Amino acid sequence: MPNKVKEIWKSGKAVVNGWLAIPSGFSAEVIAQCGFDSVTVDMQHGVQDYQSMVQCFQAMHGHPVTPMVRVPWNEPGIVGKVLDGGAYGVICPMINTPQEAKNLVQYAKYPPKGTRSNGPIRSGMYGSAGSYQQTANDEIVLLPMMETKTAVENMEAILDVEGIDGVYIGPSDLGFSYGLVPKLDREEPEILKIYDKIIKECDKRKLYPGIHCSGPVGAAKNIGMGFKLVTLANDSGIMATAARQWIDQTRKDSKGKA
Amino acid sequence: MPNKVKEIWKSGKAVVNGWLAIPSGFSAEVIAQCGFDSVTVDMQHGVQDYQSMVQCFQAMHGHPVTPMVRVPWNEPGIVGKVLDGGAYGVICPMINTPQEAKNLVQYAKYPPKGTRSNGPIRSGMYGSAGSYQQTANDEIVLLPMMETKTAVENMEAILDVEGIDGVYIGPSDLGFSYGLVPKLDREEPEILKIYDKIIKECDKRKLYPGIHCSGPVGAAKNIGMGFKLVTLANDSGIMATAARQWIDQTRKDSKGKA
Amino acid sequence: MPNKVKEIWKSGKAVVNGWLAIPSGFSAEVIAQCGFDSVTVDMQHGVQDYQSMVQCFQAMHGHPVTPMVRVPWNEPGIVGKVLDGGAYGVICPMINTPQEAKNLVQYAKYPPKGTRSNGPIRSGMYGSAGSYQQTANDEIVLLPMMETKTAVENMEAILDVEGIDGVYIGPSDLGFSYGLVPKLDREEPEILKIYDKIIKECDKRKLYPGIHCSGPVGAAKNIGMGFKLVTLANDSGIMATAARQWIDQTRKDSKGKA
Amino acid sequence: MPNKVKEIWKSGKAVVNGWLAIPSGFSAEVIAQCGFDSVTVDMQHGVQDYQSMVQCFQAMHGHPVTPMVRVPWNEPGIVGKVLDGGAYGVICPMINTPQEAKNLVQYAKYPPKGTRSNGPIRSGMYGSAGSYQQTANDEIVLLPMMETKTAVENMEAILDVEGIDGVYIGPSDLGFSYGLVPKLDREEPEILKIYDKIIKECDKRKLYPGIHCSGPVGAAKNIGMGFKLVTLANDSGIMATAARQWIDQTRKDSKGKA
Amino acid sequence: MPNKVKEIWKSGKAVVNGWLAIPSGFSAEVIAQCGFDSVTVDMQHGVQDYQSMVQCFQAMHGHPVTPMVRVPWNEPGIVGKVLDGGAYGVICPMINTPQEAKNLVQYAKYPPKGTRSNGPIRSGMYGSAGSYQQTANDEIVLLPMMETKTAVENMEAILDVEGIDGVYIGPSDLGFSYGLVPKLDREEPEILKIYDKIIKECDKRKLYPGIHCSGPVGAAKNIGMGFKLVTLANDSGIMATAARQWIDQTRKDSKGKA
Amino acid sequence: MPNKVKEIWKSGKAVVNGWLAIPSGFSAEVIAQCGFDSVTVDMQHGVQDYQSMVQCFQAMHGHPVTPMVRVPWNEPGIVGKVLDGGAYGVICPMINTPQEAKNLVQYAKYPPKGTRSNGPIRSGMYGSAGSYQQTANDEIVLLPMMETKTAVENMEAILDVEGIDGVYIGPSDLGFSYGLVPKLDREEPEILKIYDKIIKECDKRKLYPGIHCSGPVGAAKNIGMGFKLVTLANDSGIMATAARQWIDQTRKDSKGKA
């Protein structure tokens, strides 16, 4: 099964990514039918764990989205488990050094490129028998997160690590580490300059930079800047934003009756 | 603990109600913070069962919403269980005759008004010890659904049943039973005439009519007509509607780049 | 596998029964090691459903307690499911007439005594293959609840129904239906007179009367009166009672320091 | 989305049906890839409830099997919920009279053929928006179980009920009700004669008879007799049969070393 | 939302802490109403994981207890997840060196004090929007466990680590590491001497020492010694202790009849 | 409670081990009744996590199998949790150096042999009170996995590590690391030579070598070679293999009718 994310990138376009914080197969299958290219289960900050990830993946199977995961940490046990569980992509938080990026690659790639253990209990269901192990190293997307000052200082060395497909920017944490308020769609020139450099350095290496956004305005702007994967806020955030707006409108239009 | 729904009604206003189809405490607590007056776990058409209802109720506790349930059917076992589980209101589908409405009242009220069995395992936590059983018959809201031609024909007899607090209109099923397409915000004069009559007959008896809507426009319109409880579509519907819109806008604003 | 409850009754003694409201296999296995003769999963007022019952039964398997269930209602689907799930005894709420008792027997017994459907998915694990269906009608305990004025008025006719093993008194509901406050350990002469009569009528028919209590004092007293199965309050009640006492003692003994 | 079961029947062939007793999306998706035409979640005797059914359905989505359910009982609440949850077929136990079959049809069909309530929370995902309600009455398979002497006596009247697609034989219960040992693959002439008659009466009415089997031998024999849907034992039974055989062979071939 | 634990400490008093081993929101909300000041979900030795912690926290929300966690290990992924999940306090096992304590502080504090990643999915619900990130570093309680000989040898260096609020003694492990039997309420002079020193060294630094106890007697004694947080045994232990006592009393008072 | 695995080894025989990938107590209790000596919950490649392991263990309790776990990684938090949860044996993946083996022993043994923390929440239920801590170091089986070229090169040093009971071969990963296709039952002379050496070196040290197989043929062959623990493929694999075979036979014997 080819990875839709890689196909979109090959076509020169950007990927519009969904983000699951709600630990429910039902909300996952709803999101999977809304038009996203890929959908990521957030095991770091989302209310997700391994079993809820499996349920989300099962529920999204058969819908045209690439299932990805943000792992809680760069730890070999969980990186292996999410890949066996069916992830076509891994976003890994807080990769600050080339060594940390190399470790991620080791955990996620089969020999000889890495040390991932064989046993793709769900991902082995993709394609014909035995084919998964032959294609996984090529098909799975690896995106270390660049979200601290240290990571920015190590940018080029990190991007030189063989086996990654790009980086994923966490604007809140990135700003936080520079002493700024944690928020998503950033406007500070010093941060935008970093974004520019990331995009250029990725382009040089045929890598794909991604970024976490808070809605369509920021997402489109970031695509315009050159980002190749944008996340449109998470499921619960979209729901809450819309619910608040609908309630407000209902009360307003009811003119004091509700 | 007084029932906020009854307080709003006493103040002459309409209740804005949320609706939970996603079986997750997390999405429930998100919804509970958006500004709804009451939130209903939908055990009939939602992806909900008793245990997911309990988790939703636990997660909403401490937030300023009245927890209600739509039960899957007018059956004494489940009516008792949802009340013991903490529901402050019960919406019951497909009540077509006065006898069915009387049965619902019997299942939901303690003696001498009904035959509900004592054992409020979670609802007994409300208020001081032993107080729940003294106030439950007065505080809990009972809304039989009026959603078929038969029910409309029996309207006045149903509304005369002692112990109900109003009725709840299911516009899809109501239209369906009249040979119309099942949809929520209806415009057919024959249906609007039924709505009018329900509102008037409720007013006569100091009962409160409620209705299921598909968004703020229909909700505000229905409040304007005289409905006293409006549901603003369910959690997954709000999420999907907004997600589709955000994705579309992102793609459009990206001008072919996504 | 012989039913320990029946063996204790044959020996002339009373059964000390535990009661599970917490939907957790772990708390069930803890309770199963405390010294109860039988442990009942309360699907009526407890925070339990079918799956949590299965988990409680699995966790209690291998511990020396007879697994029983209080079903949410006298409905054939759930009576069959709890028996298939491994129950050795069924307590059924709100049996007010002989016909309701006969229905319960029909739901719970295999042909020719009843109409229970064959498929003991977990209970078939007891004993050697195929033996379960031959012994289930004899081994499983059926206890309709006698907990309303109507039931008391029908007492002898209910006790005459073939296939039941006794009755189970719900003191709260019984008092409630007589216009008294709902509580467990009752002292009212009119209620005690009913208890007396139930015990005598059971004795006449070699049936075993059981009763729900709120602690050891009431339980021992009821055993003294002739009850043959006493429930010692539920798991969460025992826990809360002791926790409150321990906290109070800690604060008191800390003399203002906590 | 057309129903594969109906397509196979139209082609003149028999459906090979899987059966899920294990409440796990993972075992469901494994079974869904083994070659079955349809897979039925058994909510009557299996260790399944509504939420585990949803998980099984989500996990089977995208695999080429028709999802069906055996409901625990002929009760409107659960029949509606399993259809809303995505079932393309309903097998209903213990239908003994034409009235019971008519009730099942009422519960399962939208108006004007029945009284099913509108709200296909998951099944509405099939096909384009709004299309489900237009096709569900035609696409969904309804199979009342014929599994008692009473049902056999009412055979023709039951088969005459409009809206059913056939019947499903439960050989254990059928034998049980005739005073025989409960088992699946039956050889008694009196039972085989009943099978013959069911097949003929179904053929007359263009209905499709199905039957529960215990393995490939019985299944193939029943297909040869004219049954149009055969179940090959449940998931846990297949697993246990094979596991026992593998262990035995391992120990035997190890010649006393294990 | 101010942290009640810190407020009690400021008032000079000791905190009475509950401890959850049962993975159930229901038992958590029962415990949360018994009078504890704080309640800790034990992810190390309790039958708890991240999702059960979330359910316990959701169920305790709205009750007047501070929610805390004992993490399974000093690992950045899980420390971040429990804080995002709503913990107001983290107890971390087996902190034996100042470096390990520093790591814990790094994992648990936002920049510039640490490297915690921003994304308080549930804890962000506390207070007004955005306020959490501004107060979390101050409000959250960090208690490394001092429970080995090595830790005792490093006591002063550990207590000097900036960002911790005290230490938490695990008497069983502490005794174990000194070659003593593992048990809770210890009397050995060598251990009591260690306790004394811990209390004094904490006092010097305005830190708060806590300790795990087995009941009210030990708890009150430890408060008397100067401990500022005492845990009264876990939920399942309290339940089992009381259940055993009630059963024994019932049997004893029944004089051979049970 | 003595460990059956150790008893079988003492008797000179090999252990036939089951393997659970399905996260369900029900499938676990089915497998536990098939004749295995031990059953291992696979938390590395199986669809298992801590809570599903607990449910599998609870469901297997009372059945004559030794409960074991393959942990996801050699990490102290999870090694402690599975032992507290009731594991009598731990298989640990990817132990490539003596230091890694020593770490595993440290995590799994109580002082003075290791640093495992005291709190056997479920395993403490085995035997009489307090006895578990005295026998656990002796009764629990520790099997580091030898499954890379590096591990083979360190074979003797790893086997010299005090506290392990043998090693467990992962044939797929072992082959993978030697540049071969990942599969279970291997025939390559270079691999068989490694097996031979492992068996001999284990024998020298009175250790017990185990190996993962794909069915009875390979298992019996490996027992013949001298392996002392063989795994017969996992639950889902056994089920799928048999289901495919049954379906094929049904279709074949139906001669085009299915």
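Each chain carries a letter (A, B, C, D, E and F) given by its place in the written order, and its residues are counted from 1.
The criterion applied here is as follows: contacts are C-beta pairs under 8 Å (C-beta built on N, C-alpha and C of every residue); 3 or more make two chains touch, one makes a residue touch a chain.
Here the structure is a predicted model, which is why all the values come from computation and not from measurement.
*Asks:* Just to be sure I understand the contacts, which chains border both chain E and chain D?
*Replies:* Chains touching both chain D and chain E: A, B, C, F.
*Asks:* Please report the smallest number of touch steps linking chain C to chain D.
*Replies:* 1
*Asks:* Considering C-F alongside B-C, which chain pair is linked by more C-beta pairs in contact?
*Replies:* Here the pair linked by more C-beta pairs in contact is B-C.
*Asks:* With touch defined as above, tell me whether chain D and chain F contact each other through largely the same residue numbers, more than half shared, or through different ones.
*Replies:* Counting shared over all numbers used gives more than one half: same.
*Asks:* Report the inter-centroid distance (CA atoms only) between chain A and chain E in whole Å.
*Replies:* Using C-alpha averages as centres, the distance is 34 Å.
*Asks:* Distance between chain B and chain F based on Cα centroids, please, to the nearest Å.
*Replies:* 52
*Asks:* Using Cα averages as centroids, what's the distance between chain B and chain E in whole Å?
*Replies:* 41
*Asks:* Return the residues of chain E touching two or more other chains; collapse runs of consecutive numbers into ranges.
*Replies:* Residues 21, 23, 26, 33, 47, 49, 51, 54, 75, 78, 122, 236 of chain E touch two or more partner chains.
*Asks:* Line, ring, star, complete or other: which one describes how these chains touch?
*Replies:* other
*Asks:* Go through the chains and record each pair that touches.
*Replies:* Chain-chain contacts present: A-B, A-D, A-E, A-F, B-C, B-D, B-E, C-D, C-E, C-F, D-F, E-F.
*Asks:* Residue numbers of chain D touching chain B in their complex, please.
*Replies:* Those residues of chain D that touch chain B are 49-51, 54, 75-78, 80-81, 84-85, 110-112, 115, 117-122, 130, 133.
*Asks:* Give the list of chain E residues in touch with chain C in this complex.
*Replies:* 13-16, 18, 21-24, 26-27, 30-31, 33-36, 47, 215-217, 219-220, 223-224, 230, 232-233, 235-236, 238-244, 246-254, 256-258
*Asks:* In their complex, what parts of chain D are in touch with chain C?
*Replies:* Residues 21, 23, 44-47, 49, 51-52, 71-73, 75, 78, 93-94, 147-148, 170, 172-173, 176-177, 179, 181-182, 236.
*Asks:* Mind listing the chain D positions that touch chain A in their complex?
*Replies:* 25-26, 29, 33, 54-55, 58-59, 61-63, 122, 125
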